[in-house]
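The two complexes that follow have chain A in common; it is paired with chain B in the first and with chain C in the second.
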Partner chain A sequence: MTVDTFELGVAYRDGRLAVIEVAGYINNEAGEAIAATARRLVEEGHRTLLFDLEATRIINSIGISLLLEVLEMLLEAGGVLAFCSLSPSIAKTFQIMGLSQYARIYESRTAALAALTPSP
Partner chain B sequence: MSEVAPLLELARLHTREGGALLPRAVLDELLRHTGAVGGVLGVGGRELARAGEATGSQRWELLSGRDEFWLELAGGCEPEPVVRLAAGVVLGSWLMREELKEARFAERRRLWEVESLRAIAEALGGTLDPIRIAEEMVLRVAALLDARRGEIWLTTGGGWRLGSAVSGAATSAPCSDGSCTVAARVGGAVLTPAEAAAVPDEGILDETRMALPVIGRRGRLAVLALAEREVRGGTAPFTATDLDTLALYAAQAAVALENAMLHGEALERERLERELELAASIQRQLLPASFAAPRGFEIAARSDACRHVGGDVYDVVTTPRGTVLMLADVAGKGVPAALMASSLHAAVHLLAAACPDIGELALRLHDHLLVATPANKFATAFVACLTADGTLEYVSAGHNPALLVFADGQVETLAPVGPPLGLLPDSTYPAQRAWLPPGTMLVAYTDGLSEAPSAADDEDFGLERVRASVVASRHEPLPVVIDRLFAAVERHTDGAALHDDRSVLALRRSGM
Partner chain C sequence: MTEAQRLRLVLPPRPQAELLAGAAVESLGRRIGFSRDTLAEVKLAVVEACLNALEYGGGQVEVELSGFPGRRPWLEVVVVDHGPGFAPDAVPTPSLETVLHAERKRGWGLELMRHLMDEVEITSAPGCTRVRMTRREGGR
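Presenting the complex of A and B:
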């Protein structure tokens, strides 16, 4: 197993919602990239950010602190931070570090989109 | 009051980007309020925000009741007391909130550390795959110690099959001496292969890296290595405490990897056991269960191997000249002896019909063993050819003397005529002759019977006891004669486990 590269991409955006795919190790560098992307999306008017962490198996405390800042920023902007497809280990980490208290956690992207997309 | 309202309003701001935003916003408000073109805001010896130039300016205290905030303004500008008070309150509230957040984060981080230790113990307990153990380990350790890069090397000390075990996992070549290979890696390489092979027992702790060997009861199993401890906005050196934490994980990894290693060994033993069972089955099929004896004769045999497979072999081959009988005992035990016994068995089958006499057959078998086996391998053998008139042409190559037991109980021993087959290059095996009157029995046996030690005093069963047993039962059917001999030996050894293979090949000419 090798986890060498970090990748970030906005997979979907529509009105308030934007879906960001994250792959690799969420450390300082990756966390900064996530925070910058989140700021840009909020500035563009998106208020619900869903991070799909299916391809992420590892996050360190710097990465968590940066996600907490993204959470604060979104709360300040009246937005919603959501995560989906967490590995059990990352789900437990989010729970312990307090992210799960204020961010929404979904089992899959399908479940997240169903919950976060307003019904017509 | 309305003068300080915008300043107080800042207290409602959420802080972002490490908390740097609010002090700057407070400073900007103070500059706007005083008309200063530059200023510096700080607490104690720490600068919190700066705008423009304010060197050498007077320092104003911003009262907060707890922290010593201060302000320096360019151009001798002076903040009003109420503005200083408002700024102090806002900054004091902000700093307290920041400290609370940090304390809560630190507390949760401790909890996360404990949970990680528990989780890794659980995860490691749930797998016996060394690669999965390595992956779990490197992910947990790198995350918990905020390392930008981490890796785990498995070393040959753990008995891993490195090449195949980690295929696809390692992106770098294994050590030059092949003693270690990367099993899992996150964020990039930490050690060179040469460094991984040379990590000292006490580990490595330098400016950017730390590494520790994972040492089990049988020696070095793996090496855990981390690089670049991250802090907000950069990196900091690892500390001795970090190395202690790494040691905790290394100890857990040692237990998990050792369990995996023992499990692997158990599987390997089971596989070998199955192969031996199969080999034993094949060998049993090589030894004939029934024999095509010439008219007027009966033949019986029995062979008990002391291990799964044995070095004793017998066979009976019908040829145009007569019936060829062979009993051989290959030096040694177990698989090597069994392989050689099988080779001898095949050779007898191929050569028996082609040889003009039994001496020539013995010589050809001898040559076969000389060429086909290591120098220290040889076999004692009794080879004979029986014709319908009761003539027995035989060669005993270093074998225990076979017994001719006559109907009246007299016994003639058929002594060796040459050294064991495959031992000495220039050996000769002149054929001998004997004649079996009706009622005569021929008993050839291996030394696993004659040299079976007594349970009481270690005395060999001996030739005399072999002779006595077969003489006593000479009127019984051949299988009974053989079984009674085996039973006598078992009584002698008090049923102890066989120390050598035991075999008997017997022939009897019917009485008139």
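Presenting the complex of A and C:
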């Protein structure tokens, strides 16, 4: 059996932007950890949260519902939720939900940072 | 290889037991020649079916996988629980517009299964809920 060990880390933060790397299976526990990290980052003043899902292969519907809490929190704070490096099945999941209407989705972290980082 | 490949497993009512079914899908899907992308979609649909069965069934969950190799291989999945049952037609279709700012944000499982699989049939009565799903390589 594949071990879908969940890992979460804040890889980068600069002013309004923070990048969160997520690996493994996003279920209820992982979703709660993501929501708690997002809450802390928003409390610290970050308003654009970019989730890099390159090492995530599966998100279940409970994990999805917790990502929606993050989206709601950011919308209320006038912030932006963004994702990058989605596997095709996760991209399809987000498309089924209509998430691209509310969150920004980028092919890679490089593309996301170029779009989300204000020009000097 | 043209014969059907079959796998049967019984999931214990324990956290992450749904991943056992996901791993079984991966193993059988590879053997019948499913692509990585199709496999990932089927795996998610099966994980969702098992999550529902584990949560609402309240006990062990039976999973049967049948894989049919060939030019366009296909897979049939049957997930059975022995809980109180439910009315599938009464489950509302979720939408982000209604879910945002609502207390309850769950309820995406059936919607995902219906979009990721070619067929989803649910029969439910007290004591037995049976979800049968099929997916052909290149389907959806």
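As a convention for this text, the second predicted complex is superposed on the first by the 118 of 120 C-alpha atoms of A that agree within 3 Å, B and C clash if a C-alpha of one lies under 4 Å from a C-alpha of the other, contacts with A are read in each partner's own complex, and residues count from 1 in each chain.
Note that contacts are C-beta pairs under 8 Å (C-beta built on N, C-alpha and C of every residue); 3 or more make two chains touch, one makes a residue touch a chain.
Fair warning: this is a prediction, and the values are worked out from it, not measured in the lab.
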Subject >> Fit-or-clash call for chain B and chain C when the two complexes are aligned on chain A >> reply: clash
Original post:
Which of the two partners, first being chain B and second being chain C, lies in contact with A:Ser61: first, second, both, or neither?
Top reply: both
Subject >> Partner chain(s) touched by A:Asn27 [first = chain B, second = chain C, both, neither] >> reply: both
**OP:** Scan A:Met97 for contacts with chain B and chain C and give back first, second, both or neither.
**Re:** both
Original post:
Touching A:Met73, do we find chain B (first), chain C (second), both, or neither?
Top reply: first
Subject >> Overlap of chain C and chain B interfaces on chain A (superposed complexes) >> reply: 1-2, 4, 25, 27, 57-58, 60-62, 65, 68-69, 72, 75, 89, 92-93, 96-98
**OP:** Can you check the complex and tell me which residues of chain A touch chain B?
**Re:** 1-4, 25, 27-29, 35, 57-62, 65, 68-69, 72-73, 75-76, 89, 92-93, 96-98
Original post:
Taking the complex as given, what residues does chain A use to touch chain C?
Top reply: 1-2, 4, 25, 27, 57-58, 60-62, 64-66, 68-69, 71-72, 75, 87-89, 92-93, 96-99, 101-102
**OP:** Report the residues of chain B in contact with chain A in the complex, numbered from low to high.
**Re:** 14-18, 104-105, 108-109, 111-112, 115, 119, 131, 134-135, 138-140, 142-144, 146-148, 169-171, 183-188, 230-234
Subject >> Contact footprint of chain A on chain C as seen in their complex >> reply: 16, 18-20, 22-23, 26, 37, 40-41, 43-44, 47-48, 51, 94-96, 99-101, 105-109, 111-112, 115-116
